[in-house]
Amino acid sequence: MIIQLNNTITKADYAKVEKVLAENKFSVTEVKTQFDRYLVCIGKKEIDIRSLGHLAGVKDVHIVSDNYQLVSRKWKTEYTKIHLGDGIIIGGKTPVVMAGPCSIESEEQVVKVAQHLHKNNIKIMRGGVYKPRSSPYAFRGTGIEGLKMMYSICKPYGIKIITEVMQESQIKEMLPYVDIFQVGARNSQNFNLLDALGEVDKPVMIKRGLSGTIEELLFSAEYIFSKGNERLLLCERGIRTFETAYRNTFDINALQVLKDKTHLPVIADPSHGVGVRSYVPKLTLSSLMSGCDGVIYEVHEKPEESFSDGQQTLNFLESEELIKKINTVLQIL
Amino acid sequence: MIIQLNNTITKADYAKVEKVLAENKFSVTEVKTQFDRYLVCIGKKEIDIRSLGHLAGVKDVHIVSDNYQLVSRKWKTEYTKIHLGDGIIIGGKTPVVMAGPCSIESEEQVVKVAQHLHKNNIKIMRGGVYKPRSSPYAFRGTGIEGLKMMYSICKPYGIKIITEVMQESQIKEMLPYVDIFQVGARNSQNFNLLDALGEVDKPVMIKRGLSGTIEELLFSAEYIFSKGNERLLLCERGIRTFETAYRNTFDINALQVLKDKTHLPVIADPSHGVGVRSYVPKLTLSSLMSGCDGVIYEVHEKPEESFSDGQQTLNFLESEELIKKINTVLQIL
Amino acid sequence: MIIQLNNTITKADYAKVEKVLAENKFSVTEVKTQFDRYLVCIGKKEIDIRSLGHLAGVKDVHIVSDNYQLVSRKWKTEYTKIHLGDGIIIGGKTPVVMAGPCSIESEEQVVKVAQHLHKNNIKIMRGGVYKPRSSPYAFRGTGIEGLKMMYSICKPYGIKIITEVMQESQIKEMLPYVDIFQVGARNSQNFNLLDALGEVDKPVMIKRGLSGTIEELLFSAEYIFSKGNERLLLCERGIRTFETAYRNTFDINALQVLKDKTHLPVIADPSHGVGVRSYVPKLTLSSLMSGCDGVIYEVHEKPEESFSDGQQTLNFLESEELIKKINTVLQIL
Amino acid sequence: MIIQLNNTITKADYAKVEKVLAENKFSVTEVKTQFDRYLVCIGKKEIDIRSLGHLAGVKDVHIVSDNYQLVSRKWKTEYTKIHLGDGIIIGGKTPVVMAGPCSIESEEQVVKVAQHLHKNNIKIMRGGVYKPRSSPYAFRGTGIEGLKMMYSICKPYGIKIITEVMQESQIKEMLPYVDIFQVGARNSQNFNLLDALGEVDKPVMIKRGLSGTIEELLFSAEYIFSKGNERLLLCERGIRTFETAYRNTFDINALQVLKDKTHLPVIADPSHGVGVRSYVPKLTLSSLMSGCDGVIYEVHEKPEESFSDGQQTLNFLESEELIKKINTVLQIL
C-alpha cells in the first residue's frame, strides 16, 4: 500500500497517520523524492483505505497488489516522463534514440560520433568510461577524464550524456557531466549502488541482469525510488540462455511485460541484445514495434578498430540507414 | 560438400563420381527429392572441386562449411519458395498469415473461423486434431475425423490447412487433407517422424524444440530434406528460460539468424512465443519487422471457452485489428 | 483422486461407482495394469471419500493433490520394486549398476563388455541399437540385428538388457530381446511412444528431456502407467543450461525431489550428466549419496574408438575402479 | 604467460625483463601479492620461454593456455592451502565445514549457534550482517554492530568468521572482525569490490553468480589475485535454470571442473544450492563425494523463526546428524 502525503503535512498529522499504520501492524518506509512524499506500507492486514484517506495531510491511498510498490503501474497508470532539459523527454509520445560508442576512447573518436549524432538529430550519446570487463587484463575505460572530455565535446551540440557508473564512490565526481547514470547488467542487483543512486537527482537507467527476472529488475528500480529518486528508466539488453548462435537472447517479450507492470520508461538495447552487428538494425525496429520508449545502440566510426564490442557496433553509414528506417517506423506507430 | 547431379545421369557416370568420392574417403548420402538429385559428402579431405565438377552428369559442386548441408544457404543463396497451389506461396515477397484455433473442436467452431479468415483474406488455417499434452488426462484432440471435417469446411473457401502430425502411422490417412504438416516442439527431434516426412511430397513446418538450438532445428530440417522432401518451413515459437512472467521466451534473434543460415522460409508463432493474449499482436508485428516469412497465430470465436490455449488466443475482433496492423507494416517493409 | 478397484468387481458394482463419480462431475479414466485396476478421477468438486470407499468392489480411495496421480507418492508411500527375473530387483535396498557401450557395434565389442560386466558382478547391460543423432549423416545404430546379437551374447551370462526404443513400430520386434525399454531424452514427451509402451508388460525407463521439468517427467510416466504398465523407472541425465564447460548440467537436486514425489525408482546417468570421462566416477558416487536407486554409465573396451560418446565412456580399468568405489559407498549407505 | 620474479630482483634486472617483454609486444601486468611477485603477460606472439627463464631475477616462467592466468592450475599444480590461524586450514587433506545462520540476528541467537558449533567441533561460523535482498523493504542485516557482536561471541570459542561484504567502503571497518570475506552471488562480477579485496590480506570466498559461468568465476578470482591477494576460495551455490521445483540448480559438475581448472579451494553451499531444508544433508554428502574442499550450510536454533532463508536452514538436531554423516563419509574419502 502506498500513501501519498502532502508535502506540507504537519508533524502532528504525520504522527496520526503513523499511529493508524502502527495499530494495523504495517511496516512503514518513508520516502521523500525530488517530487513527492510517500509512505510505503507492507503488511498482511486488510485495511479500509477510507480510514486513511480522510486523514489530514494524506493526498491519496493506493492498494498495490504487486510485491514492488512505487514502480508499479497499479497506483500510477499515467506513464512517467523523464525530462532531460532542452525539451528532450523520455517516455513521451515519441521514442528516443540514444547512440554512441561502447567505450570513450579519444577526443577524435568522440568528435566524430558527436557530429554523426548531431547530423542525424540524435540528442543523447552513450559511451562508457568505466568498463566492467570479465578479465582484469582487458581495457577498463578512460575514467573521469574521459567523461570530462566527452562532456566538453557534447555540450556545444546540446547532446546529453548517458554513461555507466560502477560504484558509489564514482557518483560525486561524475555528477556534473552526466545526464543519465547507467547501472550495468552485472550491477543490476548491486544494492549499495542502487541505494546511493536514490540520493541523486539525476535520471538512472537500470539494465536487466544477465539472468535477472523482470520482477528483479522492477525491485532494483524500487530500491532507487524508495531512496528518493523517481527519475528511472529500465533497459532490456538480452538474457543468458542455452543458445550460442549469438551473444545474448533479446527478450522482446519483456518490453511489453514491463510496459504493463510499471509506469517507468522502457528502453531496448539491441546491440547487446543480439551482439551481432548485422542483426542490430532489424532488432531495433522490432523493439520499437513492441512499444518501447527508446533504443540505445552502439555506433563508432570504425567498429573494427574499437576498443570493445566492435562486433556489435554499427558504423556511421549503417547507423544513418537505421535512423531513416526508425523514422519510417515511428510514422506508423 | 554437396554435389548436384543431373536427373538424367547414367549409371556409368554415377559410378565414376562414386569412385572419385570413395578414393577421397568421403562418406556419401544419396538424396533424391521431388525436385533434384544430390550427393551429400561428409569427409575430412580437402578436394579440388574442379576434379568433380567436370565429371559427366554433375550439375554443380558446392563446399558447405556448416555442419548441416542441404538446408544451408551456403550453396543456395536464393530463398526457397513453397507453393501451396492456388497462387499461395510461402517464402515469396509478401509474408503470409496463418491463423486458427489451437484445437479443432466442432463444426460450428471451424465454420466461424473459416468465415473470419475468408473475410480477412487469410488463406491458411491452423488447427490441431492430434494434441500433444503434458497430462494424459487432458483433451487430446478430435483426430482424423476432426481433420476431415476441417477439410470439408475449408475446401470451399480455398483455405489451406496446416496441422500437427505426431507419429509416422498418422501420415498416410492425414495426407489427403493436409497442405502443410506441422512437427510440434516436443517432436522437433523425433527423428523417425522426420525420416517419414522426408518421404512425403507435402510441405512440412518444423517447430523449434523447447530448448532446441538453432543448429538442432536446422539439422531436423536436414533429416527431412535428406530423405527426399525439400518443401520445408522452420518455426520459432519461444524457448524455455528462467523467466516466468510469461509462457515462453520468444527468441526474436532466431528469426534473423535463420534467414542468414538457411534458404528455407522462417515462420514466427507469437501465440506460443509469449503465451499471453494481449501481447500477441505487437509480438506479431515485431516478428515481421525482423524479416520472417510469415506468422501463425491462434484465433477462436470465444477464446475463454476454447479447449486449450485460451489464454493466448485472440478473438475475432482482436484478430481483425491485428490483420489491419499487419497490412500497414507490410507496406513499409 | 485414485480409486483402487478389486479385480473381481462386478459390472453392476462398477456401474454404481461410475454413477457416483458422474454425479460429482468427475472426469474418469479407467486404468488396468498388469497388477491392478484403478479409476483416475479428475474433478473440482470436493467429495467425502467415505461415500466411495464403502461401495462394493472398491479396494481403496486416495486423494492425490499432485497434478499427476498414479505415479505420485501421495497414495503409495511404499516405493515400487521392479523385478527383472533371476532375483534382479531395481528399487530394493541396494542400488543397481547398469553399464555398457553407447552403441552396440560388433560381436567382439559386446562379448568383451559382457565379460567385463560378468567379472564385476554387474547384471544389466546398456547398449543402443537405435541411436537418435542430431545429424542424419551420423551413425544411427545396428538396429534389430544388433539387438539380437546383444541378446545372444548376454543371455548365457544372465545379463539383462536395457536399450532405447524410438518409435512404436519397433516395440514388437524388440520385445523378446529387451528387459527394460529406454525412452530417450529427445522422446521424453513423445506421447504416442509413451502410450504404446503402456501396453507392454516390460519395464520402461524414461529419461528426462533436455529441458524437461521434473513435473513433465512425472507426467510422461503417468502416460505409460495410465495405459496399463506400472513397471517404470525415471532417469536424470543432465539438463540444458547456459554453462558450456561440460556437456549437460547434471541436476543432482532432481534425484531427491523425485524420491520425494514418486514411488518409482530413480536412476542417475552420470555419463550424459556431465559428458566428460574423467568426471564420471565421482559423479556416480555423488548420485548414490543423494539416494538414487541405481546408476547407468557407459563403458567400452576402447572408448577412443567407439562409434559414439567416446569422450564420456569409461574403459574397463576405470569401470572396475569405479565399481570398487561404488561398493565402498554402498556399505556406508 | 606468468613470470614469477624473485622478491629481491634489482631494478636493473627488472628493466631487462620488461625490455624483452616489450620487444615481444606483451601487455604486462605487475602483480605483488602477500606471498610473491609475478608478471602476467598477455600477447599473441610465441616466445621461447628459455629466453626469459635465464634472466637474472626470474624465478620461473609458465605458459598458461587458459584465458585466466594466476588462478589456473596450469602453472601451479599443487593446490592452494588457506591458513586461518590456530591450525585451521582450508584446502588441506580434510574438507572443512562452515555453518551458521543466514543472518546475524541477536546475541542469544549467535551464542546458541556458537555453542552448537563448538560442541560439534566446527571451527568456522557463517552469518550475514549485510544482507543483499531483492526487495528494499526486507530485513537488510544488523550491520557492523552485528559483526562486532558475532566476533566477541566467537572469539572465546576460537571460532573463525566468514561473512559477506557488499561494497568497498565496508571493508575497512569489517577487517578486524572477519576471517574470510564473502563476495555474494549478486556481486560476483562487481569488479570494483573485487579490486578492493585484492588489496586486503584476508581470505576471500567468491560465490558463483546466479548465471555465472565457471570461467567468469575464475576471472573474478583473477581480479582479486592480480590486485595482490592470493588467499581465495571459490563457492558453487546453485545456478538459475528453467526448473522451479526447488530454489536453485546445484551444479555438482562445477566442483570437479573447478578442481581441474584451478589450484584454489572449492567450497559447496548446499543450502542455497537446493533451497529446501530436507534436501540439504544428502546434497552436502554428494558434494563431498565430488571432491570439494569444504561445505558451508545454514543452521539456526529455530529455522522457522529466522529472519531470512528459514526454509533452507537446518535446526541443531539436523545439523548434528549431518555432521555425523559427514564424518562417516570423510573416512572413506
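A few comments on the model shown:
Each chain carries a letter (A, B, C and D) given by its place in the written order, and its residues are counted from 1.
The rule we apply is simple: contacts are C-beta pairs under 8 Å (C-beta built on N, C-alpha and C of every residue); 3 or more make two chains touch, one makes a residue touch a chain.
From a predicted model like this one, the values you see are computed outputs, not experimental measurements.
Listed here as common contacts of subunit C and subunit D: A, B. Shared contact partners of subunit A and subunit D, listed by label, are B, C.
Copies subunit A and subunit B of the same chain sequence form an interface built mainly from equivalent positions, shared numbers / all numbers used being over half.
Each chain gets one centre point, the mean of its Cα atoms, and the points for subunit A and subunit C are 49 Å apart. Our note on geometry: subunit A versus subunit B, Cα centroid distance of 39 Å, whole angstroms.
In terms of their C-alpha centroids, the spacing between subunit B and subunit C amounts to 33 Å. Shown for subunit A are the residues in touch with two or more other chains, namely 211, 215, 240-242, 244. Looking at the complex, you find that subunit A touches subunit D at residues 27, 29, 40, 42, 67-69, 132-137, 166-169, 186-187, 189-193, 195, 209-211, 215-216, 219, 222-223, 226-227, 240. Against subunit B, in their complex, subunit D makes its touches with residues 211, 240-242, 244.
Interface of subunit B with subunit A (complex): residues 211, 213-215, 239, 241-246, 249-254, 256-257, 260, 273-274, 278-279, 282-283, 285-287, 289-291, 328-329, 332.
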